[in-house]
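Two complexes, one shared chain (chain A), two partners (chain B, chain C).
This part shows the complex of A and B:
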């Protein structure tokens, strides 16, 4: 058995699977997005009580935090946990595990082919719920849904690569008539035993998503091209980052930025007044607080090749800088120099952590 | 440096608008070496926002907007980045909103800002356009703000909610204040508010013989109106925040990004306790809690973070509204914190940033203080005894 098909919508089917896992005692708790039982707002719940799963929203097109980042705090898990992750959240978790910020031990990873999520400020709106059924219809037909985040529209990594379980949604026309749960590993098959539904030996066929993948690639080119500033070099950077208010919200929500204290918030970026006076006498004018662009370039250097394009940085930016698209564009470029794809494979080593004697010889 | 109602000011011609007059004043200050540099908001090259620029170049001031329509970075934060590590030799003039100056005074008390070589200039503030409004429509925001500034009157629909109920919109603990309210279009008042301010005006040959009582009166009247509006808004907020359920509902959408704290001028901790290892639970105990209670929410400690931050900084909160501007899920953080500040500060007869000589309540031990607490404790004890 490698597939169970449940006669329910994707969302209900996913919840039924989670209930099976928790109800049968195969896992101790489940980490999933849900509607908070007290407030009704979306959050991420670690749910240990089957009734609590009535509020689960495992595949809702919303991201309130990168669950891959949240998952770190729950690992190493002392008891089995099932975890619902969007593909970009899973990739983020893989990158975190490579940095010793988490462990796969005792985890059943469930992911799905993702149609993208809506911007955070829309997802908290009153009428957001009304748009969800239409969203799933469009996603099933392989559309890029109008209104989802630009970063999601341009995401080519919407098929999970390291999941134990894949729920087929995006580009899968059959997902409107039932929920297909693919069991990719022995552990998944073992855990799914006893799950009610039609069992078969079908394996996940990536061809289902091929058409959507082509659309996403075209969209990505469009998004990346639109980022070109009019000016070159520093002028272009000032054009893009000039309105940054220095809140560092982008770094604080980033699943890859795992430093407890960012270097740019540390003492090493404090300057004394004589330093400013010297700068002033040389340049005539200074922007305060300093290092606005330096922060973004520094963060890019530190994490861009591990950027999974989850888009949270753009969601939290108070001045609407397209941070996610910029970092994704730069990140893909740097990663490609090393044939690296962030979060694709746990075995792939982080380029800057690996010493190769023969590398970039053309640099001399 | 508390204001003296008997004092006098200097008249400043402002035929080309108030900001033009201030630019002229600053240029003159640089040229006459009354100041070595000035710190003012300057429009970004892409004309999509403003940035604090420290300059000694009079020509840079052509692009300055001393009263910028919006407040992307709290001025006290700019001042902190400049002076946190101590004094230099340069004399610097900083032109800021009253709430920015008040924050600077609080940071001065917290040893995060040095003011010996800084001359603070404040002005009658008509409020600031919410950052999101400005970013989505810079040209329209400029227009709306300009007409407010010209009329010297706040348009409630154009400014941040906390600006609508701000009672400290005029003279604060600055060195020089620029009076705009109730002035006939062609002029403004320069009011010296400290010896340093007086000396600067004198060194620039500006005579302070102008009667300012008319301006003082108009400001006082406006304050009375604002106090009424403030009381009403705070009462409404008090109802909304009732009990844990009220708090929980208010912060329901919080995603724990801590942007509110990052942009807060008062939150000066390099690392917030709530971002530190000390506030983290280990994996096993989180799971235990989930099993015990049925579930655990992430991001966690929502109410705890906000009430914790409140406990730490509400005595110094200047209600500048930056926290609301930076919140990605539109929680009215500033209104909530301003409400709390309105309760905590009067308890200690303290107003954040009112006077640099007023000690911070929590850093100043008084043997007799907040006697009400003693009464409450005594009452509770007596009740307990009676109960037994």
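This part shows the complex of A and C:
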């Protein structure tokens, strides 16, 4: 058995699957997104009782935090835990596990082929719920939904590679009325036993998502080509980060930035009066607080090759700097130097942890 | 035409090879420009690329990292890691259109006094052609 098809939409089927896992006692808790029926607000919930799953919204097109980051603090899990992760959240978790910030032990990873999420300021809008059915229809027919995050429109890694279970949504025309749950591992098959639905040996068909992948690549090119003035040297950087208020929100929500004390928030780069006086004597005036460009360049150099392009950084930026697009573009380049793709494979080592004796001969 | 100026090149040189090589250039009375501002680090792998970014944004016209030749690192593998980090930093600069030519990595051994002088001379000439680092004038960074 490699697939179970439940006669429900992908959203409803996902909840039914979670209820099966918890109800049968196969897992002790579920980590998934929830929607508060009263306020309509989304959050991430750790749910240990079936009744709690009534509010579950496992595949809703919203991302309030990178669940891969949240998952770190719950691992190593002692009792079986089922986790709903979007493909980028799963890739982020893989990157964190590589950095000793998490473990896959006792986890059942459930992911899905993703059509993207809406920006947070839309997700909190009054009429957001009205746009959800249309979203799923469009995603099922392989379209790029207009209102989702730019990084989602440009995402080529929307088919999960490290999941135990993959729910088929993007590009799957059947998914609005039938939830296809693909079981990729022995653990998944074991957990799915007893799940009500049509069992088969059907394997996930890459053709379902191939067309959408091509569209995403084209969209990515558009996004990268329109990043100016980023790419226009120092002046371009100053223009694009000119509005930056230094809140470091981007770093705080980033799943890869795991350092408890970030270099840029430590005393390493503190300044004192003599420094300011020297700067004033040389430049006449100074923008405070300093180190705006420095923070972004530094963060790029430290983590860009592991960027999974989730887009939370742009979402939380209070002054609408397209941080995610810039980091995604730089990150793709820095990762390509090592043929690396963030979160693709747990066995693939982080580029800065390994080396080859013969490489980059043009340097040095 | 760039006016003649004396570039300031921040040089982070590993103690065991490149700094000693620089010292040898000095004791051998080899001429090299005063543009090089040499700082000793224990190993090229000690250099966090963030330090290089800081030097660049603070107005250094050039930034030079000196290490032992690959395979000869005093700590066996430090320079291999330094090389990867440097490659990443260059990649960041290139993607953003920043002047990646102002960053240089050079393998110079303890006995290579003449090589140090040559690298110092040639790199200074390259930087003179590029002109002053525009970040000196920016009050933003």
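Here is the rule we go by: the second predicted complex is superposed on the first by the 356 of 364 C-alpha atoms of A that agree within 3 Å, B and C clash if a C-alpha of one lies under 4 Å from a C-alpha of the other, contacts with A are read in each partner's own complex, and residues count from 1 in each chain.
FYI, a residue touches a chain if its C-beta (ideal position, glycine included) is under 8 Å from a C-beta of that chain, and two chains touch if they have at least 3 such contacts.
As the structure is a computational prediction, the values presented were derived from the model and not from experiment.
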Chain A as common anchor, with chain B and chain C clashing or fitting: fit
Which superposed partner A:272 touches (first chain B, second chain C, both, neither): first
Touching partner for A:207 - first (chain B), second (chain C), both, neither: neither
Which of chain B and chain C A:238 touches, first, second, both or neither: both
Which of chain B and chain C A:285 touches, first, second, both or neither: both
Greater chain A contact set [chain C / chain B]: B
Least C-alpha distance (whole Å) that remains between chain C and chain B when both complexes are overlaid: 7
Footprint overlap on chain A, comparing chain B with chain C: 235, 238, 242, 284-287, 290, 292
Complex interface listing, chain A residues touching chain C: 230-238, 242, 263, 269, 279, 282-287, 290-294, 297-298, 300-302, 304-305, 329-330, 333-334, 337-338, 351-352, 355-357, 359-360, 363-364
Chain A-facing residues of chain B, complex: 37, 39, 44-46, 48-49, 51-57, 60, 72-73, 77-90, 114, 117, 131-132, 135-136, 245, 248-249, 252-253, 255-259, 262-263, 270-271, 275-277, 280-281, 283-284, 286-287, 290-291, 293-299, 325-330
Chain A partner contacts - residues on chain C that touch it in the complex: 48-50, 53-54, 57, 67, 70-71, 77, 80-81, 83-92, 94-99, 105-107, 134-141
Complex contacts: residues of chain A adjacent to chain B: 28-29, 36-41, 43-49, 51-52, 64-65, 70, 73-79, 81, 120-121, 124, 235, 238-239, 242-243, 245-249, 252-253, 260-261, 265-267, 270-274, 276-277, 280-281, 284-290, 292, 315-320
